[in-house]
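Some notes on the structure that comes next.
As written, the chain order gives the labels A, B, C and D, with residue 1 at the start of each chain.
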Amino acid sequence: MSSLLVLLAPEIVLFITTCIVMIVGLWPKLEVRSLAMPIAGMGLLIAGVLAINTPANPESILPNIIPYAKAMTAGVGLLLVLLLAGTVDRSYEAAVERGELRFNPIHTNRAEFFAFFLFSLTGLMLCASATDLIWLFLALELVSLPTYVMATISTRKLRSQEAGVKYFFLGALGAAIFLYGFALLYGGTGTTNLIGIRDALAEQAASGGINPIAMAGIILSLIGISFKIAAVPMHFYTADVYQGAAAPVSAMLAFVPKTAGFIAMMGILAAVGWQYAPGGETLAADGVGTLPRSIYVTLAAIAVLTMTVGNVLALLQRSIKRLLAYSSIAHTGYMLVALIAGPSIAAEAGITSNGLGAVLFYLLVYGVTNIGTFAVVACLERPQPDGEADELDDLEDLRGLCRTRPVLGWVMVICALGLLGLPPLLGFWAKFLLFTSAISAGEIALVVILGLNSAIAAFYYLKLVTLPLLEEPEGDAPATTPFASRTFAGVLSAALVLLAIIPTGIVDAAMEAADRAGTIVPANIEAIERSITAEALRDEPTPIIDR
Amino acid sequence: MVSTFASMADFLAPAQASFPEGVGSVTLAHYLFVSVAMFTMGLIGFLTRRNLIIMFLCTEMMFQAAGIALIAFSRFYLHHTGQSFVIFVLTVAAAEAALALALVVLLFRGRESLNADQWHSLKG
Amino acid sequence: MSESILHVLILLPIATAAFIVARPAGEAKTVALWGSLISLVLGVVAAFQFDWSNAGAMQPEVSLVPWLPALGLSISVGADGVSMMLVLLTLLLGPICVAASFSSIKHRVKTYYAWLTVLQAAMVGVFVARDILLFYVCFEFTLIPMFVLISIYGSSNRKAAATKFFLYTFTGSILALAGLIYVIWFNATRMPVEAFAGAGEWSFQIDTLRQAAVRMSPTEQGWVFAAMLLGFAVKVPLFPVHTWLPLAHTEAPTAGSVILAGVLLKLGTYGLYRFAIPFTPIAAVDFAPFIGLLAVIGIVFAGLICWVQDDVKKLVAYSSVSHLGFCVLGLFALNTMGQSGSVMYMINHGLSTGALFLLIGMVYERYHTRSMRELGGLAAKMPVWSFFMVFFVMASAGLPGLNGFISEFMCLMGTFQASDTLAGSSIGATPGVLGPVFAILAGTGVVIGAMYLLMMTGKMVWGPLREPKGHDHHNHSELADDLNAREIAVLTPLAVLCLVLGLFPTPVLKGIEAPVNDTVRWVQEHGGLRLYRDPAPARVTELSPAGVVTPELAAPAAGGER
Amino acid sequence: MQTTTPQLAETIGALGLGAADTGAALEVATGPAWAMLIPMLPLLGAAIMGVCAIMGVRSKLPAWITVGLLGFSAVLAAAMYAWLPENGRAVSVAWEWINVSWGDEPGQTLKANFGFYIDSLTCLWMLFVTLLATLIALYASEYMSHDLGAGYCRFFAAFNLFVFSMACLVMGDNLLLLFLGWEGVGLCSYLLIGYHYKKHSAVFAAKKAFIVNRIGDLGLLLGVFLTFVHFGTLEYKDLFPMVQPYIEAMRQGAVGDIPAVVQLIPVLLMIGAFGKSAQLPLFVWLPDAMEGPTPVSALIHAATMVTAGVYLIARMYPLFLVSEWALPIVAWVGGLTALVAATIAMAQFDIKRIMAYSTVSQLGFMFCGLAFLSSVGGAFHVVTHAFFKATLFLCCGAVMHGFAGQLDLRKLSGVSFMKGWGIVGIAMFIGCLNLAGFPFTAGYFSKDMILAEAFITPGPGYQFLGVILLLTAGITAYYTFRVFFRVFVGPKQFEPGDELHGHDGHIDDHHEEHGSASRATEADEGHTPGDHEPMGGSVEERGKKTHEHPEHFHPHAPGWAINGVLATLAILSVLAAALYFFPGADKSHKGWAGGMISGSSAALVVGGEADHPTRLAAFVGAEPEQGTLFGQDPHKIMYYVSGVIGFVGIAIAFALHYAGRKESERSAANNLLQVKPIRTAHRWANAKWYVDELYDFALRKPLWAASQIFHLIDKLLIDGLVNLVGYLPRALGKGVRPSQSGVLHSYAAAMAGGLAVILLIVLLLSL
């Protein structure tokens, strides 16, 4: 039990922080209320530090994932906290400040907003700790439910409410689907423990194929979770929600549920394993293989469709947030490729071939980079007739930004190039790992499609580069929000993207996190070891060479 | 197709023995059928109805379909995992319901309507 | 040659760029000029330190600065003869481009010079990279500065041109990356550790990967080659994927065009030379006729298109397509003559076409048009300009005695030689798959080259003076009618080099001979060219007592069998 | 290949032939370093001219420097001749030019030095090249004096550069250096033809010359490639010994033993020769090249550069000998060119153009000489032709200079009798006699050597070619004297040309103040851009612009430099005949040139002995037979035949163009033109048989159209495809966009549908 507490320490810290934030957020004194954000940050910091030192959990199907995943959550969470400043209650607080209104805890949103945010992150961390389908289900719901509220209340505009309604109802539908999938998976294997499921599935596969009910469960789970990661066919909400929600919330939506979804998918797929013979659903004799065929085909189709749909739709957008939403869909597709590739059997040869590690690293990079772009949107505003300033969300608003608001402009330029994956920025290394892992798994076709999609993506990312950097500004400089922390968040992420020169430790951590995931099916360990040896022995140089 | 169902039937065959005498003729397959039917009905309801509250109720129905499946499987395997899962599902469903109602109220204030089709200004 | 000097060559431009940004705009050009001049001096120092007697080997022997140890990535630099030459070319064009921009760049000066300098760092990085990822990083990074230079400082249609340039080359190079990664993976997982140093590891060292790559099966090689070809052919640009170039050239500012033609296009041919061919020799041999065909089509097709151009810059841009066709043809002759010629071509094209772009830029600054309908007979008004124009046109047309001839001759000769059919009976032939037919077809490009270049000269330089309507230089530009001292100073080094390389190319040829010989030998060993597979006595030779081989008597006998 | 290998020497010795080449070539001496000065002095001159231009020298200094340097070169050439040992060969290497190596075996190193090969053939050529260049530079010092300043410097820079290039061409010790010179003279020709760069016709002619030459050069280049590929070397000293076995095979009639590759080499090389020496079908550039200043026409386009083709064949003679096809092709091309060019020359009115066509025609003779296995005849004709044709051109130039650019023979008459024109007239007369082949002139002897061989050399249709050449000789005599009788004798009458001096060069200097724009506009109206102009400028066009002040015009008699040079050249032309008898070591019809040739690669045999028996067996088919003509020594017969034909030609010219002519415009010939067939023929010949138009129609226009089509293909199809590919994602996006309708239910339906589809797929997959 105590070991479990150690594993869950970050979540516990976050939960405590949440409680404090809830109270503080309702405090009558503005100074104290304002502490909600710093306190949330502190909590995240502590949780992150704790997370780094979390030991491996042998009971988890992804035994090493916790430190990395939770630290990543905390780290990106910190950036998000900076970004979230002033998202809600801005006009209300201003009115209170001016003395027009008296503070009334009923009318403030601050407490629940930050609390929900922390809850969501807690859920994300729990996802990483999950060893059981029930746990996973609860964690996923804990991630999602707060975000529904956050999207809805992020602005007082109707579009936020529209975003909320779409997000919530479709989210519930998605949740129902993966819940049903979980139920079937349980039915097909007789256990909800992921390791148990893994063993049961391996046993089934070895004795004539995976049980159809289990298979249906896996498929339904994956599709249901596709909603969280915004993959086809569950991606429809993405653009509408990101556009409707305030930019900081969109940034969060692009990271938190997506990460949760990917971690959940990794868990489920790890239970399935990547050791099936290509083209069949039996275990590969040498332990080197891929996902079961139907899952493989499903995921591959989803991956291809997701990146393509995301990119081609992003091409047409004028709204920055919509564009970024579609780009977020596309990135999901990219990551799916690595997920399909899985932890290469050649993992011993080099960590660069571990697809799960690549996904984990990509998630971090994507989160950071994406926050940079959203931060720029979050920092720019246009005064509205109704007094409440509105975000600038049109591409044209970026025109000449590097000249009028150099900091924001450059943040946009760097982060867009990072998303594009231009070397030597952080995004390139992330994409590079996707490439290596997918090629290691022999997914050449997927890699080529990924490459072509990156090229399509270049077109709209270039817009994000060209407009601020190269165009001459028109008219006055756009107004900026008075929240320095947002700018700081942007600068911070841009700096991270730019100073990609030393992500060594992080890559290491990501790879370590994914280490041994899914490769330790007991029934297969021996076969795999044998195959590795055979591999080394078998490979003689082709005859041409030594002449 | 045939083989799939055949293997399914194989899997379900011992189920009959596991259930108590009183409901002897009701197999796991029956429960699953009910569950699938509920899920499908929920889905169809979600797709066809426009009222936000009814739509939400439909998702609840889908949740409960999963619940039925879980309980059936739980009984089938003769352990409690599935049943405890259902407890959590119910909890979550309750939380969701609370949230849904709050949301619906908020939305109603915005548009004076509960028709889901009202919300289509964000698109493209 | 020390490793640090190469590091400095990469880092100095970046530092210069930072300095430019930090200083006021007025000082930008001075700083940039000094920075690039210092780089050039350092480059010359490096060239002196370089052990030319051992030009075939990468120098320094070992270079490893860890960069991303997690990925096994290091900053590993070095140069052999070929790299050194191309680095020198890059460094030479640096100050020239800076100085050529003094009068034409008036707004956003700091941005301009900063990007121009950063670009130099990336280009040097490409040529000295011994780590495949460092290469790729630099290769890709060149896109950004060029993109910025074109889209801010170009002419009217600049944005479309820049976008097209970026997307086109980016698409290609991503696929090339996939191919390169495949090789990396192959080495890491399919190579037994004992095969060679670095086998079975996630290594990014070009030398290591080359050894692994040739062990791939022909099919694998084919795919990897195709991927790399896509990436590099776009950059070259080879015939059907060339359409971005005329657009980019036409719209780019003068210095941009110079860099583009002078160095950036060479990244493609260098990539083919350094990666595509030695990595996948079997595929290179198999694909050679196909690529040869594309190159020949490019030579003729683009050459004829030049002939009907009105925009003189576009003409020179298309001529680049045509010229680079020779370069690619030489590479795929897969013999020393062709490949040395090709490397020479890279250098020479950089000098002469770069100079042509400079000249056109100078006229454009004065007249703000590049249309040969509006502009002509400038010899009457700009004799110095005309002298340089005719000079560089002749260099470009491959007039013997100037640099262009050496490389054109060698590429064609290499192509001609590379014939398995002839290799049996003729002692000067080498194993290869191109042969006389390709040389003859490409040779028509020489005539076509004369046609369009002289057409251009005839219109621009000779004939009665034609100036754009309403042109009055007094209110147009502060520039003198003819070239001023700065402009002459920009052109003179290029002209001198053209002459020197035309008359005394041997030192350079010897510098690139050793590495090229290594490459060729490598390709022939691993690519399965006929004579090496079967070192049959196809060539009858007899040793005289004096130890001198006298093939002449054997030749007719061997010939008679045909 | 520096040492003789015993076996090889033995073999060659046993063959008993080619010893002159092989023995010496394998034992190549080191030439004197000062021989390298012959090309380098002109190069230095070119550099000095550049300095002069930069310094703005506006005196005749450039000319004097040029004359001095070239004169020194000529002296050195003479010294080189004197230095030349008996049958000696020497190589002076200046520096290593190109060296690419990929192995140690023969044929694995391509080496080309900037080195100079000195043998008697080189000396023969360099002697007349440098001598003529010096004289013509002197002439030009006066002729170009209207253009003092930058133009003057430019002229002499190109002039010097030309001599340098020509020296490289002739002296180069390898084919690549020859090619350097080959293209170098082409460049100088381009620059000098286009000297009057403001004239469209000049620019066009220059371009045409360069491009047409480039076509030939491509052939030459391919020949060089093939030479290297087969023999593994480009250096003469290594190359020639390797050809010997083939020569032996040829001598024994074993043509089949000679690889086709080897037989192909000369065919490729000769394409280059045809281009440079203006033979069919590449002759069209030379007449247009007359746009250049006359000294240029004289030196480059008559005396020296155009003989480069002859030199090439002579130099590579061993290779030509071993090819079944090469020499017959050369013969027929040469013969037909001679005839065609002569017929065109008959109908021209521009005297420079007549001379140009005559040059083409005479070059045809030289080619025939080479082809008839009489390299001596070819070379001798080159030398004599160089002198008398230079004389003729310079006389024409003097006329042009004096009469403001007037060159139309209908507008000039009796020039010799005008004050100060005596020397010109006499020189012209001597030149004409030579060209017409008047007995005992140099031209007579050299032409006979070629004509005679036509009838005794076995070859495909050579006898018939001989007849053609004889006919051509008659025509030559006619058109030569047509010029003389029309222009230089007869009633004194003239109409000045439209240029005050030479061409429009110096007009600029005076009119600069009027502003360039107005002049440009004028020119624009007057001309279409050069590229669209029909090929060739014509006399008529020039005649359109009437002279400004005809009344005040006085012919500008030549000064001392022109007269001096003309006199010298005329004397030299006469003296050249002496070469035929000097040094007389050989049979009577060999002469000095025979001595020079026999010691070089162009030699057919060793020494003067055993001439006909060693004629190559391939041409004979079987047994070589002693050639005779009407049972006599053909050379002797030819003395009479060609003498008579020359007389006839001159007589016809006299009758048609001198007898009874009262004014410049009309002569007896005009009556003849009333006859319709003659008029038609005249019109066609005057229009140069429409060859230019044919090329324009058959080559240039289709190529132009193809280029336009390519341009369209590039723009629409290739780029269009690229753009389409670029547009595809957008199109796809537009197609997918409706799915993002913003309606909750459609999203839900799509999600459910997607779920269903995926489940279906999985179901199907698991079957």
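Some points to look at:
Operating definition for what follows: contacts are C-beta pairs under 8 Å (C-beta built on N, C-alpha and C of every residue); 3 or more make two chains touch, one makes a residue touch a chain.
Please read these numbers as outputs of a predicted model, since none were measured by experiment.
Top contact pair of chains, counted by C-beta pairs, is C-D. The chain closest to the protein's centre is C, with centres computed as averages of CA atoms. Distance between chain A and chain D, defined via averaged C-alpha coordinates, is recorded as 77 Å. Spacing of chain B relative to chain C, judged by their CA centroids, is 66 angstrom. Measuring from the averaged C-alpha position of chain A to that of chain C gives a distance of 43 Å. Chain B and chain D, compared by their mean Cα positions, are separated by 96 Å. Looking at chain D, residues 726, 737, 740, 742, 744, 748, 752, 766 sit in touch with two or more other chains. Among all residues of chain A, those that touch two or more other chains are 165-166, 169, 173, 177, 212, 239-240, 316, 459. Each of residues 167 in chain C touches at least two other chains. Every pair of chains meeting the contact definition is listed here: A-B, A-C, A-D, B-D, C-D.
Residues of chain A touching chain B in their complex: 133-134, 137-138, 141, 145, 148-149, 152, 158-159, 161-166, 168-169, 172-173, 175-177, 179-180, 182-184, 186-187, 190-192, 208-209, 211-213, 239-240, 243-244, 316-317, 322.
In the complex of the two chains, the chain C residues touching chain A come out as 67-72, 133, 136-137, 140-141, 143-144, 147-148, 151-152, 159, 162-163, 166-167, 170-171, 174-175, 177-178, 181-182, 184-185, 188-193, 195, 200-202, 214-217, 223, 282, 525-526, 528. In the complex of the two chains, the chain B residues touching chain A come out as 4, 7-8, 11, 32, 35, 39, 42-43, 46, 52, 55-56, 59, 62-63, 65-67, 69-70, 72-73, 76-77, 81-82, 84-85, 88-89, 92, 95-96, 99-100, 102-103, 106-107, 110-111, 116, 119-124. Of all the residues in chain D, the ones that touch chain A in their complex are 726, 729-730, 732-734, 736-737, 739-740, 742, 744, 747-748, 750-755, 757-759, 761-762, 765-766.
On the chain C side of its complex with chain D, the touching residues are 164, 167-168, 240-244, 301, 304-305, 307-309, 335-337, 340, 373, 376-377, 379-381, 383, 390, 394, 399-401, 405-406, 409-410, 412-413, 416-417, 419, 422, 425-430, 436, 439-440, 443-444, 446-447, 450-451, 454-455, 457-459, 461-467, 503-506, 509-510, 513, 517, 520, 539, 541, 544-546, 548-553, 555-556, 559-560, 562.
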